[in-house]
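What follows is chain A paired twice: with chain B in the first complex and chain C in the second.
Coming up: the complex of A and B.
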C-alpha cells in the first residue's frame, strides 16, 4: 500500500538518521581514508561512547550530549594510545595489513565482551527531558530524538571540515595522507601528526556514541551492524572526503529508511552491504574520489 | 614428517576414534571433541586464505552458518542423505568464497576483509527473513533414529568431524607443498613482485578463497544434526569468526601445523573454561590472548619455538 505521507515520513527519517550516520563515519573517513589505518574497531569505540554517556546519565543525570562532549578528551587520549601501540607493533614493521586488522578485530572483541560482562546484554538507554518530544512542521513530524543527533552530527562534520581545511594541524593531517616523506622533509613528524589525527577520529566516537544512545537503546554487540554501514559510507564518499562522507551518509540513511518502510525493518542491514559491494565492484573510488 | 607416515597417523587416529565409540564413555566427551575437530576445520580453512595468502577473512561465521543452513534446509525439504549434505554445503561455501573474492580480491586486501565483516550480518538478515528456514525462531532437525554401525548419532558425528578435520589438514598440507602454496606465499610476501614475475595472482587468490570457503561450509554441514535446534543468533555467533582466525594466529599462520596446534590448545582450553568459568569471560581471554600474540609473537607459538631453537644454535 503506497501513500505519499508514508514516503515523506520515510525520507525525512532517512535524512535525520543519515545525518547521524555521518557522525559515526567521520572517524573512519579520517582513520581509513586519510591515515590509511583500517580501524574496523571504530563502531566498537562508538558503543563505548554510548555506555560512557549511559553511565554518567544514569548516575548523575547529566545530559547525554554534554556527556558525549565531556568524554571527547578521554577518547582523544585513548585514540593516541591505541595508535602508538599500532604504530610500534605493526606500521613501523610494515605488517599493518594482516596483523593490524587482526589487532583491531581483537579490540572489537575486548570492548564488546568487557561491556557485556560489566553491564549485561540488556538494552540500555539515556533520559533527557527533550528526547520524547517532537516538532510539527506542516505534514512533517520532526522527532527530537532523531533531529537533535542529526543537528549535532552536522555541527561535528562542519567542525572537522574547518579543522582540516583551515588550521595548521588539519592541513598537516591532509599532507600526511598525501606524502609522508615530503612532510618529514618540511620538519614535521608524520607519526605525531597521525597519532593526533587518530586521537581526533576516536574522539568523534564519544559524541557519536552519545547520539546513538539518544536515538535508541544500545546493547554491546550493536556495533557490528555499523561496520558495514561506516565502511559503505566511507567508500561511497570517496575515502577521506568529509563532504563526501556526509552525502554518502545521507544517501544510505534514506535508502535504509525506504527499505525498512516498504519491505520491513529486518531488511535494513542488508542495504549497506549491497551498496558496499556495488561500489567496490563498479567504482571503488567512490562518488567523490578521483577515478581509477 | 613424511606424507606416508602422516597418512598412517591419520588412519590410526580414525581407527582409534571408532574404537573409542565402542567403550560407552560419557557422551559429553564426544560432544566436546566434536567442537574441537570443528575448530580444526575452520582454523585450517581460514589459514589457507589468511595465513598462506595474507587476506583476512572476518566472515567465517557466515560461511559456517551458510553450510549449516544449507544442510538444515536440504534435510527439511528432501531428507537428503548425509554425504550429499557435505557435498552441498561445501559447494555453497566455495561458491560464496569465489563470488565474494571475484568482487573484492582485485582491490586492496582490506576491502576483502571489510566485505567479509559485513557478509555475516547480511547472511543473518537473509535467514532471519526466511520463513522456511525458521526465521529468527530457529529450525529443528530430527536425527535419524538409527545409524549404521555406530551406537548412536553423536558418536557417528564425532567420527565424521574427525575425518573432516584430517581431510582439511591434508588439503592444507598439499597446498603448502605444491605450486599453489608457493604462488600464495609469493602473494603474501610481495604481491606486486609476484605479479611482475608472472604469478597469476588473481586466479590463485580465487582458488584459495574457494577452497577456504568450501572447507568452512563443510564444517557447518553436520551442525544441524549436532545441535538439532539452530537459530540465527547462535549459528552466526561471533565466536566462530574470532576463533577461526585466533587459532591460526596463535598457533602460527604459515604452516598447516599452526591452526591444528591453535585449535587443539584454544579449543580444549575453551571447553574446560566454559564448564568452569563463564563463557563470556573465556571469550574475553581469547580476545586478550589474540591481541597479545599479534603484538608480541607475530609468528605464533610455532614462531616462538623456532626462535628458541634458532637462539640455541646461534
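Coming up: the complex of A and C.
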C-alpha cells in the first residue's frame, strides 16, 4: 500500500537507524579500514558500552548518553591496552592475520561471559524521560529513541572527521595506514600512533553502546547480530573513510526501511547486502575508498 | 608303573578342572544381582547464553530445585538424580551434538528438552532414532510433522497447538460488538513466529477477519518503526504479533511512538512475561492483550505453586535470573515432575513404559493437572489471554501482585474484565 506519507516516513526512519549504524561502525572503519586490524570484537565492546550505560543509569539515574560520553576515556585506555597486547603477540611477529583474528574471537567470549556472570543473561534497558516519546513534524513521527542516537552519531562522525583531517595525531593516523615506515622515518612511532587510533576506535564503542541500549534492550551476546552489518558498512563506505561510513550506513538504513515498509521485512537484509555486492562489483574499493 | 602314575595325575587334573567349572556354574546361578550404582542421570541442552538465555537459566534453576527436592526424599528408584546439561547458546545448530554427547558419552538415563521450539525440534531426530521418551519445554507444534508417540509437550497450548495458541486472542475479538473486521499479522521469521502466524491465519478465517497485513521480519531487526508504520497504513482493527523478547519490546515501543492504536493489540508477544521487559516497558504495556501461562491472579492458585515460587525467588537474584519466575520456571519444574512421577510409577527407566505411563495418566504438578492428548500436546488448552491493566510505572512489585495482568480468557480462569478498545485502556 503506497502513499507519499509512508514513503517519507520510511526514508526518515531509515536515516535515523542508519545514523545509529554509523555510530556502531565508525570503530571498525578506524581499526579495520585504517589500521588493518580485524577487530571482530568491536560489537562486543559496544555491548560493554551498553552495560556501562545501564549500570550508571540504573544505579545513579544518569542519562545514558552522558554515561556513554563519561566512559569514553576509560574505553580509550582499554583500547590502547588491547592494541598493545595484540601488537606484541601477533602484529610484531607478522602473525596478525589468523592468530590475530582468534585473539579477537577470544575477546568476544571474555566480554560476553564476564557480562553474563556479572549481570546475568536477562535483557537490560535504560530509562530516560524522552525514551518512548516522539515529535510529530507534519506527516512524520520522530521517535526520540532513534532521533537522539542519530544526532549523536552525526556529531561523533563530524568529530572524528575533524580529528583525522585537522589535527597532528589525526593526520599521523592516516599516515600510518598509508606507509608506516615513512612515518617512522619522520620521527613518529607508528606503534604508538596505531595504539592511539585503536583506543579511539574502542572509545567510540562506549558511546555506540549507550545509543544501542537506548534503542532496545540488550543481553551479553546480542553484539554478534551486528558483526556482519558493521563490517559491511565499513567496506561499502570505503576502507578508512569516515564520511563513507556515514553514507554507507545511511544507505543501508534507508534501503532496509524502504524494503521493510513496501515489500516485507524478510527481504530487507537481502536487498541491503545485495546492494553491497553490486557496489563492490562496480567499485571494489567502496563508495569513498581509494582505488587500487 | 610310570604309565599308571601319569594316568592318575591326568585324572586328578581333569577332576580339578571339572570341579572348578562346576563351582563357577554354581556361583553364576546363586550370585546376587549386581546392585545399581550411581545416580539416575537426566540430560538436556539449555540456553544459558544467547537470545533466550534469560528464560533458559531460569528454567535451569527450577530444574535444579526439583532435583534437590527429589534427592531430599531419596531420589528416584532409590537412586539420586543428577542433571547433566550443556549450554546450547540459544542456537539450534548446537542441539544435535549436545544430545549425541549426552547419550553416547555421558550415557544419561533420560533426556528432556531445552527451552523453546527452535531448540527442541533439532533434538527430535535423535530421540526418535533412539526411541526415547522426550518431554519438550515450551515448544509450539514441534511434533506436528514428526508424529512421534513418545513426545510430550509441557506447553498448555492444547491438542492443536498452532491454532490453540492464538484461539483465545481471536475469540476475544470475536466477542466484541461491533465485531472487528480486519487483522494485521506480523511475526518473527523463525520456527515459533511462523507456527504462531499459521495458527493465527486459521483463527482469523474462523472469525471472519480479513487479513490486511501478513508479513514476517528477520530476527536481527534493529528498528520496528517501518514495520509498524506499514501496519498502521492498513488501518487494521486487530494486530496480532508473534515476536521474540527483544522484538516484542521494539514492536511495542514503535507502536507507542507512531501512535498505532488498533482495537486489540498483542496476542503472541514472547518477552512481555519477563520481569526485565515488564519493568523496561512499564506503562507502555497498558491495554496489551497477550498470552500467559500463569499469573498471580486468584483463579490460578494451584497446589504447590506459591511455595515453589517463594523458593525460586529466594535464589533468583543470586542466580541472575528473572526475579519473579512466573513464566517458565513453574513449567520447567512440572516438566521434571511428570518425568519423575512416571519413573516412580513404572519402577523403571524403560523409555517405552515411561512414555506409555505419561500418555495414559493425568499428572499433578505445581502448574496444575496435566493430561496429554494422543499427539503429545495437552488434551485441553490452557493458554491464558491476559490484559495489562493499572500499570502505573516501571516498578517490578506491581507485576507480582494480582490486578495488573488480568485473565480475560478462558472463562474458566477469568479474573477480570477486558478494557476495549485498546485506545480506551491507553487512556
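In this section, the second predicted complex is superposed on the first by the 257 of 292 C-alpha atoms of A that agree within 3 Å, B and C clash if a C-alpha of one lies under 4 Å from a C-alpha of the other, contacts with A are read in each partner's own complex, and residues count from 1 in each chain.
To be clear about the criterion, a residue touches a chain if its C-beta (ideal position, glycine included) is under 8 Å from a C-beta of that chain, and two chains touch if they have at least 3 such contacts.
Given the structure is predicted, the values throughout are model-derived calculations rather than measurements.
A.B. asks: Quick one: is A:89 in contact with chain B, with chain C, with both, or with neither? Answer first, second, both or neither.
C.D. replies: first
A.B. asks: After superposition on the shared chain, which partner residues are touched by A:269: those of chain B (first), chain C (second), both, or neither?
C.D. replies: Both partners.
A.B. asks: Looking at A:99 after the superposition, I want to know if it touches chain B, chain C, both of them or none. Which is it: first, second, both, neither?
C.D. replies: first
A.B. asks: In the superposed arrangement, does A:141 touch chain B (first), chain C (second), both or neither?
C.D. replies: Only chain C; A:141 stays clear of chain B.
A.B. asks: Name the contact category of A:6: first (chain B only), second (chain C only), both, or neither.
C.D. replies: In the superposed model, A:6 contacts chain C only, not chain B.
A.B. asks: Quick check for you: in the superposed arrangement, does A:47 touch first (chain B), second (chain C), both or neither?
C.D. replies: A:47: touches no partner chain.
A.B. asks: Just chain B (first), just chain C (second), both, or neither: which does A:125 touch?
C.D. replies: second
A.B. asks: Contacts for A:133 in the overlay, against chain B (first) and chain C (second): which applies, first, second, both or neither?
C.D. replies: A:133 sits against chain C, while chain B stays out of touch.
A.B. asks: With the two complexes superposed on chain A, say which partner A:225 touches: chain B (first), chain C (second), both, or neither.
C.D. replies: both
A.B. asks: Common interface residues of chain A with chain B and chain C?
C.D. replies: 112-113, 116-117, 221, 225, 264, 266, 269
A.B. asks: Taking the touch rule as given, give the residues of chain B at its contact with chain A in the complex, in rising order.
C.D. replies: 50, 54, 56, 58, 103-104, 107, 109-111, 113-115, 117-119, 121-122, 124-126, 128-129, 238, 242, 245-246, 249, 278, 280-281, 283-284, 286-288, 290-291, 294-295, 298
A.B. asks: Okay, in this complex, where on chain A does chain C touch?
C.D. replies: Where chain A meets chain C, its residues are 1, 3, 6, 9-10, 13-14, 16-17, 20-21, 112-113, 116-117, 119-125, 127, 131-134, 141, 143, 145-146, 215-217, 219-222, 225, 256-258, 260-262, 264-266, 268-269.
A.B. asks: Would you mind writing out the residues of chain C in touch with chain A in their complex?
C.D. replies: 48-51, 53-54, 56-57, 89-90, 189, 215-218, 220-223, 225-227, 229-230, 233-234, 245-246, 249-250, 253-254, 256-259, 271, 274-277, 279-280, 284, 319-322, 394
A.B. asks: How about chain A: which of its residues touch chain B in the complex?
C.D. replies: Chain A reaches chain B through residues 32, 38, 40, 85, 89-90, 95, 97-99, 101-103, 105-107, 109-110, 112-114, 116-117, 221, 224-225, 227-228, 231-232, 235, 264, 266-267, 269-270, 272-274, 276-277, 280-281, 284.
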